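In what comes next, chain A is part of two complexes: it sits with chain B in the first one and with chain C in the second one.
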Partner chain A sequence: MPTADRTRSVAWHVVLIGVILMMTFPVLWGILTSFKPANDIYSLTPFSAQPTLDHYVHALTAWPVGLLLGNTFVMAAGVVIGQVLIAILGAFALAYFAPRYRNLVLTLLTISLAIPPQALIIPQFLMTAKLGWLNTDVGLIVPQLGSSALAVLLLLQHVDGLPGSLLNAARLDGARPLEVLWSIVLPALRPAIAAVSILVFITTWNEYLWPLLVAPRQIDTTVQIGLRQFETAEGTNFGGLLAAATLTSLPILIVYLVASRRITDAFLQSGLK
Partner chain B sequence: MTVVLTAAPAAVADSSRGRGPRAGRAWPYLTPLLVLLFAWVYGPALFTGVLSFLEWNLTGAPGGFVGLENYARLLREPEFGQAAGQTMLYAAALLPFSTIVPMFLAIMLWQRPGRTSTVYRSLLFLPVMVAPVAVAVSWRFLLNPLQGLANEVIGVIGLPPMNWLGNPASALIVIVLVTAAKVTAFNMLLYSAALSTLDRRTLQAARLESASAWETTRFIVIPQLHKTTLLLGVLSIVLAGQWVFTNVSVLTQGGPDGVTDNVYYRIYTLGFEFFETGMASAAAAIVLLFFALASLGWVLLTRSNRRRSSANR
Partner chain C sequence: MTLSTLAGDIQLVGLTKTYGSATALDAIDLHIPAGSLTVIVGPSGCGKSTLLRVLSGLETASTGGLLLGGAPLTDQRAGDRDVAMVFQDYALYPHMSVAANLSFGLRLQARHDRRNGPSTAEITRRVADVAGLLGLDALLERKPAQLSGGQRQRVALGRAIIRRPQVLLLDEPLSALDSQLRASARAEILRLHREIGATLVLVTHDQHEALSMATHLVVMDAGRVAQSGTAEELFHRPATEFVATFVGSPAMNLQPEQTGDGRVGWRATDATVLPDVRHPAAVPASGDLVVSGTTELCEFTGDGQQVLVRNDERSFTITQHEGDSWLRPGEPMHAIIPASRLHHFDSNGHRRHAS
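Right after this comes the complex of A and B.
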C-alpha cells in the first residue's frame, strides 16, 4: 500500500518538524527579530525587508557584552581545566590502585550529584565572601570545582574499561604510576576527556545561580547575569537585548554546529547506559 | 538545568586488579578531588544544618543559638507552605514532558534510522544547548503585554490582550512549558540511547507475525523502555523544582502571588533578598533532609530489586 506508506511518511515529517518548531520557535524568532530595524521590531513577518546590524552594534558598543563574554569564557575554561584535571587524577587512582575505600568514595561522589545546589548556596556564599573571593574569577571557578563528581564517574567508566593486562604489564615492567597515567591511560582516554570537557564547558557556560550570587556586578559577571541587568535597565530596548542574547548563545551554537554528533554523544554518556 | 544524573556507574563490580599494599599511594591523586568535595559540598551541607540553629541576618554578624526558632518561623509563614505545594505541582506538570513525550519522539526517530533522523535529533536537542537567559529574553519579547506576538495572535481570534507573566495561571503555564522544552530535549536523547541497545530483529519477527506497527511499539518497544521510564520519572519528580529555577528567576521571580515559587527559589529569596540567613538555612536543611531520605529510599529500593532479580535467576 504505497499511498498509506506515503501518508505515514508525511505525517512523520510533519509531527517532528512541528515539535522542533515549537521547541525552538521563541529563540528562532528572537534571532530573526534582532536583525529587524527598530521601528519594525514587532512586525509579524519573520524576515525584515531591510535587515540591519544596528542592534548588534548597540549591544557591543553601548553595553559591555564583549567583557561579559570574556568573563564567561574565563569561568568556563577554568572550571573545565580544573574539573578535568581533578577527574583524571581521581579516576586513575580509583581504577589503578583500587583502594579498599573505593566504593566509599564512589558512594560519596554519587550522593553529591543528588544534593540540590540551591540547598548549599548560603554557606558557599559565606565561605566565598570570607575568603575575599566575591567578584573575582577565583570565586567564580573554585567553588564549582567541588562538583567534579560527574566528570570523575564518567572518566572512571573509561579507565575501568581499559584492559587490565595493559596496566598490569606496565606495572610489572616497573613503570611508576605517573608513567602509566601519562603514557598509557591518558592517550587511551583522549576521546573521553574531550567529551567530558565539552559537557562541562556547556553546563558552566550556561550556569546561572552561582555567578548571580558571587559576581553580581556588571563588570565582573557572566553573560547569563549581565543580560538580565540590561533587561531591567533598558526594559524596552528589545532589539539590543535580543542581539545580545543571540551573541550569548552563539559560541555554544557554533560549537554545536561543528560537532553536534560528538556533543550528543557526550551528553549520552553522562546519562544512563 | 544541572546535568544531574543517574544510576550509579558507581556500581562497577570490584575490580579484578590487585588491591595491593600500593593502595596507600592513591592518596596524592585523590587529595584534590576529596578536599574540594568536602570543602564545597559536604562541608557546606553540614554548615547549613549549623546555620539553621543560629539567629543571623546576612548583613550583620552571626547571632546566637536559637534552637528550632528558625524552623518554627519558617513553618509559620504561609509562603513556605505554598512554595512546597508549588514544588509538587511542578513535579506533576513536568512528569509527562520527561517521560511520555520524549519517549514517543525517540521512538519515532528510531523507527526510521537515517540521515533525516540524525538531523531531526540534533535539532530537537537544541533547547539543551541554548543559554537559558537567551531563551527567557525571547519569551519576554513574545509575551510582551503591549505589542508581543502572543497578544497579536490571540487578537486575531478576537481575544483581549493578556498580561501573560502577570496572570497566575498563564505565568505558571509559561514556566512549565519553557522548562519542558529543555527537559523533553534532554530525555529524548536518553531514550534514544536506550533504544539503540534494542535488538531490531525481535521487531522484524513480530512484523512477520503480522503485528501492526502500533502493536509492536506498544507491546515490544515500550516495555523494554520501562527501566528508563522509571528512572527518568523518579528523577523528574525529585528534580523538577530545581529545573525551573532559572526560568522562575528570570521570568517571574516567584510571582504573581507566589504561584510560580518553589522551595529552591524560596531558599534563594529568603537568603539573598531578605537576608534571613537562619530561616533560609532552615529551609535548605529541610530540603537536604528530604533528599537524604529520598536517596536512602532509592538505594534500599534498588537493592531489594536487585536481590529479587538475582533470586529469580
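Right after this comes the complex of A and C.
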C-alpha cells in the first residue's frame, strides 16, 4: 500500500476509534461504576479496588425488575405488532391499488414524521385519559400506533420495488387482493418486515416520555420509568440505578447479538440515528 | 362487421385508452380470429403492450367495447376472464416451487369455489399433464432461481395454460432469451398453439418474429391499427408506407413518383442488377422502374449480400443472391424493378387502390 494511502487510512481509523470511544464511554463508565462499592461511586478510577455485586443484588431483590421488563415487553411487542400490521396493509394498499390520492397520503405521512412527538403529547394524553386508558397496556400501546408513518413508508419502498408483473400475474391467476398480499407480497417482504419490526421494537423499548405520562405507577410502568425509583428524596442511589440500567439493557443487547446485521441494515435504510 | 360467438374469438370495437391527456389506444377496431396465432407488432410506444393489458383486464378501456366469444368483456375482472398471460420477465413466484407456480391458479379456483372448483386430485393430474406437455417433469420441485431462461419460459407458459384459457396472451415472450434459445422457444410456442387450440395473441417489436409466426398479423402505429391480415398480405400489399417500411427487412425503399405525386416503393429483393444501362434487358417496359447509383457498402449475409447504393438524391438497398455477379464498393450500379413489383402510395402514405 502506498504511504499516502496508508497515512489516510490510519488517520481515518484514529477518527473512527475516537468517535466510537466518545459514544461508548458513558455506557462503559456506567457499567464499571455499577460494580463499585457505594463509597467509591464518585471516584475517578475506572476500576474499584473492591468490586462488588451489591448493587445487582439490590436491583434484583428490592426492584421489581421482572414486572417492569414484562410490562416493557408487552408494550414493545404490542406496538410492533400493531405498527407492522398497519404498515403491511397500508403499504400494500398504496402500492397495489395505486389510488388517485396516493401522493397526498405519502405527503401526509411524511409531514407526520416532521412533527415533533412532544407537540402532540398533551392532546394525546388527554384523549387517552378520557378513554380511561391511563395505567393500562392499551394506553401504552394504542396511542403509539399513531406514529406508524415511518414503518408504512419503509415497507412501501419494498412493495414498490417488487416487479409489477409479479402482482399482475397473481391477479390474472385469479387471486383477490388479500390473496396477492398473503401469497406473493408477504413472502417476498419477509426480510423487510423483520427489519422494520426490529426498528420499531428498539425505538419503543427505549421510549421514555409516553410511559412516564400514561403509566407512572411502579406496577404498571416500563423499565425506563421504573429506574426513577432509584431517585429518592435523600438523593440518587447511583449504584443501584446503574446496575438496574445495565440489567435492563440486556434484552436489547441480546436482540442486537442475534440480529446485528439486520439491525444495522434497518437503521441504515431508515436513514435515522 | 359480423360478430362471431366462437370461443376464443376477440372483437375490439372503437377501443380507446387514455392516460390523462395521452392517448395510448385510439379507437381500435380489430378482429382477432378464434384459434389464430395473432402477432401484434409495432415500434415501441405504439400501444401494443397497452392493448395486451386491456385484453387481459389489467387495464380497463376508457371507451369502446371488447368481446370474447361474442360476450362483452369490458367490465369483467382480470382473473375472472378466460384469458391468461405470459409476462415478458415471466413473473414466476420466486418462493414457490415449479409445481406450486403451475398450480397456483387452480388452487385459488378450488378455494374460491369449493363445489365446482378443481379437486386436489384434479389439480395434481393437470400439473402432471402440463409438466408432461412442456417437459418440466424433472423440474417440479425446483425454485425459479434454479432454472435456466428457457426453463423459466416453459414454466410461465405452463402456468398460463393450466387453466385452459380461451385466449393466451404473450408479451414479448422471446426477448429475454438469447438468440440460440429463441428458435427453439419459437418452435415451442407454435407447437403449444397447435396442441391447446386456444387463441394466441403475441406482442413483439421484432418484425422477423412477427412474419415467421403469425397466422394473423397486426401492425400498430401511434395507438392505431395500421393494417391487419396474413403475413403475406402485409408483406406483399402493405396498406401504408409505415407498414411497407416496418414489415420486412431490409426496409422497403421509397422514392418520389416520377409524376411528383406520392411515392413509389420497392423491396431490395425485387431489383435486378444490370451489367450496363445500354444492355438489351435494360429497356424498361412501361411502368418499370430503373434506378442507378454508386455502390457504397456491401454486407455479406451468408446466402447473398445486401448492397447500399447512393446517388445524388437518395440511398437505397438491394439484395444480391448467390450466383449473381456481385457488386463491389465504388462500382456504378444500375437495376430494374418490374412494374408488378412496385408499390404506389399517395401523398398521405396510403396505398393507391389501382396498384
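FYI, the second predicted complex is superposed on the first by the 235 of 273 C-alpha atoms of A that agree within 3 Å, B and C clash if a C-alpha of one lies under 4 Å from a C-alpha of the other, contacts with A are read in each partner's own complex, and residues count from 1 in each chain.
Please note the rule applied: a residue touches a chain if its C-beta (ideal position, glycine included) is under 8 Å from a C-beta of that chain, and two chains touch if they have at least 3 such contacts.
As the structure is a prediction and not an experimental result, all values here were calculated from the model.
Engineer: Of chain B and chain C, which one contacts the greater number of residues in chain A?
Structural biologist: B
Engineer: Taking the superposition as given, does A:Val57 touch the first partner, chain B, the second, chain C, both, or neither?
Structural biologist: neither
Engineer: Who does A:Ile219 touch here: chain B (first), chain C (second), both, or neither?
Structural biologist: After superposition on chain A, A:Ile219 lies in contact with neither partner.
Engineer: First (chain B), second (chain C), both or neither: which does A:Leu104 touch?
Structural biologist: In the superposition, A:Leu104 touches no partner, neither chain B nor chain C.
Engineer: Thinking of the overlay built on chain A, is A:Asn168 touched by chain B (first), by chain C (second), by both, or by neither?
Structural biologist: both
Engineer: Is A:Ser183 touching anything from chain B or chain C once the two structures are fitted on A? First, second, both or neither.
Structural biologist: second
Engineer: With the touch criterion stated at the top, can you tell me which chain A residues are shared between the chain B interface and the chain C interface?
Structural biologist: In the superposed arrangement, which is not itself an observed complex, chain A uses residues 168 for both chain B and chain C.
Engineer: Across the complex, what residues on chain A touch chain C?
Structural biologist: That would be residues 163, 165-166, 168-176, 179, 183-184, 187-188 of chain A.
Engineer: Taking the complex as given, what residues does chain B use to touch chain A?
Structural biologist: Residues 2-10, 12, 14-19, 22-27, 29-30, 32-34, 36-37, 39-45, 47-48, 51, 105, 108-109, 111-112, 116, 118, 120-135, 137-142, 144, 147-149, 152, 178, 181, 184-186, 189-190, 192-194, 228, 231, 239, 242, 245-246, 249-250, 264-265, 267-268, 271-272, 277, 280-281, 284-285, 287-288, 291, 294-295 of chain B touch chain A in their complex.
Engineer: Looking at the complex, which residues from chain A come into contact with chain B?
Structural biologist: 12-13, 15-17, 19-20, 22-24, 26-27, 29-30, 33, 42, 44, 85-87, 89-90, 92-100, 102-103, 105-127, 142-143, 145-150, 152-154, 156-157, 160, 164, 167-168, 177, 199, 202-203, 205-206, 208-209, 212-213, 223-225, 227-228, 231, 238, 241-242, 245-246, 248-249, 252-253, 256, 260-261, 263-264, 267-268, 270-273
Engineer: Can you name the residues of chain C that touch chain A in the complex?
Structural biologist: 56-58, 78-80, 83-85, 87-95, 104-105, 108-109, 112, 159, 163
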